[in-house]
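These are the structures in question, set out in turn.
Next, two complexes with chain A in common: one pairs it with chain B, the other with chain C.
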Partner chain A sequence: MDDSWPERPSDAVDLSIPSEPRSLTVVRAAVERMAKMVGFGEPDVGQIILAVDEALANVIKHSYRGATDQPIRVRFQPTKGPNDCGGLLVLVRDYGKAVDPATIQPRNLNDVRPGGLGVHIIRSVMDEAEYSCPDSGGMQLRMVKYVRSEQAARG
Partner chain B sequence: MTHPSDKVVQEVREEDGVVLVKLAGEIDMHRTPEVMQAVDEHMRSKPKRVVVDLSDVEYMDSSGVGTLVHLFRQVNSNGGKLILVKPNERVRSVFEITRLDRFFVICQDLQEALKQ
Partner chain C sequence: MNSPDPGERIQAIVAAGEQGRQEAVPLLVDRLEDEDEAVRFFAIESLEKLTGTSKGYRYYDPPGLRARAVRRWRSWLQARAGAATSQAAQMN
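Let's look at the complex of A and B:
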């Protein structure tokens, strides 16, 4: 029982996946559908998929250090933003190694090297991104992206 | 849509000092090691030009981009050039977000890339 995981609202979708990189393609397909349902168009749909994928990849690499049998929970929930615009709330919960959220920072992009780009991508793409350490252990990332007004107008 | 079990490295061949790599499908943290392994084998000859055809790549995450950065650094250290061909809008967007579009040479046509 995880007290930190809020009860699922009727319009939200919860996924429970193992920390196995093969699972990522399934989550990408699900978030693509959900983002389109909420009213996002391109390039936002592609960018939301990328942010969610990067968040999960970071959980696998850092929280679970590559272990492939650990639990990850993901929630996609339609939400409302400023001026009543639509949006998508995404929660990513793991039960691995917790770190101080203040230490999760993007790196300098002038340093051209592989790795360490996930946090930069998440913070660039999403309107809100906040890490926390629930009392029951592990980490939770709460991300939100709002539909831009021109996309909402196109319907 | 490419099936997840399909090969992401469709072809790697070396011709007249040019290594041509054809990738396809979804290049994510699951599939990146395959790409790295296939490409590394051909980097031992220190080619002057490496052309990566991305026209059939549907998706790429930061680990896929990291593989291209790894390749970029290797080719550069040999005094060579890395050329990427025809990334789709989503892949191009990853280059832009990570600001790697400043460093990568991107062509819209394979023939043009081979002439570079």
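Let's look at the complex of A and C:
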């Protein structure tokens, strides 16, 4: 289906889900388990779940304009960061409407309009967040969060 | 848990773990041999939730190591079934 999707490392978990709200349950469960496995504690686990939720909500709302039968691929992958700390890499791939990544900006928080805070939340929570437009169409979001050294020391 | 769709298998596996369904343990052990790594990931997570152990199973291990861990799980299931039978016989 998609030759731009990177080959899966053995410890990565790939989910192929439809763009319906019910799918978020499975994704949240995966995020929680994988984040704890990598070494995150609360509140980081909750924040990562929130960031991934927002990423998927943006896909459903913007890339697929609310359609609930479109494909989304999500990858969760343990990774290593600076100082050999653990981390969690999350890829979110859709095959809907592509936009110029440079136009994806967090909302000005002084702007009182509701909504549109997803990108702000993602960039606040995650250490890295990068949008791209794969050649095969759609959008891909790559997010990474690293375990803080004091968290790692606590175990 | 035997649906041809991995997504449906995962939904069932997650539900079993969250609802504390001990009767699902043998089915979850079956899922440790699933071809889909996401199904295996959720299966061992639910098994750990239900039993408190992973028996060294890791969803990303090479097939040979996974098979050895699955044998440990099946031995444990057999022992558990035998203990339950003895207990039932003693009570009768």
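The criterion applied here is as follows: the second predicted complex is superposed on the first by the 154 of 155 C-alpha atoms of A that agree within 3 Å, B and C clash if a C-alpha of one lies under 4 Å from a C-alpha of the other, contacts with A are read in each partner's own complex, and residues count from 1 in each chain.
By definition in this document, contacts are C-beta pairs under 8 Å (C-beta built on N, C-alpha and C of every residue); 3 or more make two chains touch, one makes a residue touch a chain.
Predicted model only: the values in this text are computed from it and were never measured.
When both complexes are superposed on chain A, chain B and chain C end up sitting side by side without clashing.
Contact with chain B, but none with chain C, is seen for A:Gln47 once the two complexes are overlaid on the shared chain. Touched residues of chain A were counted for both chain B and chain C, and B has more of them. Applying the stated contact rule after C-alpha superposition, one finds that A:Asp127 touches neither chain B nor chain C.
By the touch criterion stated above, A:Ala57 is placed in contact with chain B alone, chain C being left untouched. Working from the superposition on chain A, the chain A vertex angle toward chain B and chain C, CA centres, sits at 90° in steps of 10.
In the superposition on chain A, A:Ser16 contacts chain C only, with no contact to chain B. By the touch criterion defined above, A:Thr25 reaches both chain B and chain C.
Nowhere in the superposition do the C-alpha atoms of chain B and chain C come closer than 7 Å.
Chain A residues in contact with chain B (one complex) as well as with chain C (other complex) are 25. Across the interface of their complex, chain A is touched by residues 6-7, 10-11, 14, 37-38, 41-42, 45, 59-60, 62 of chain C. Those residues of chain B whose C-beta lies close enough to touch chain A in the complex are 4, 26, 28-30, 59, 61-63, 65-67, 69-70, 72-73, 89-90, 93-94, 97-100, 103. Those residues of chain A that touch chain C in the shared complex are 8, 10-18, 23, 25-26, 29-30, 33-34.
Within the complex, the chain A residues that touch chain B are 21-22, 24-25, 28, 42-43, 46-47, 49-50, 53-54, 57, 60-61, 109, 112-115, 117-118, 120-121, 124-125.
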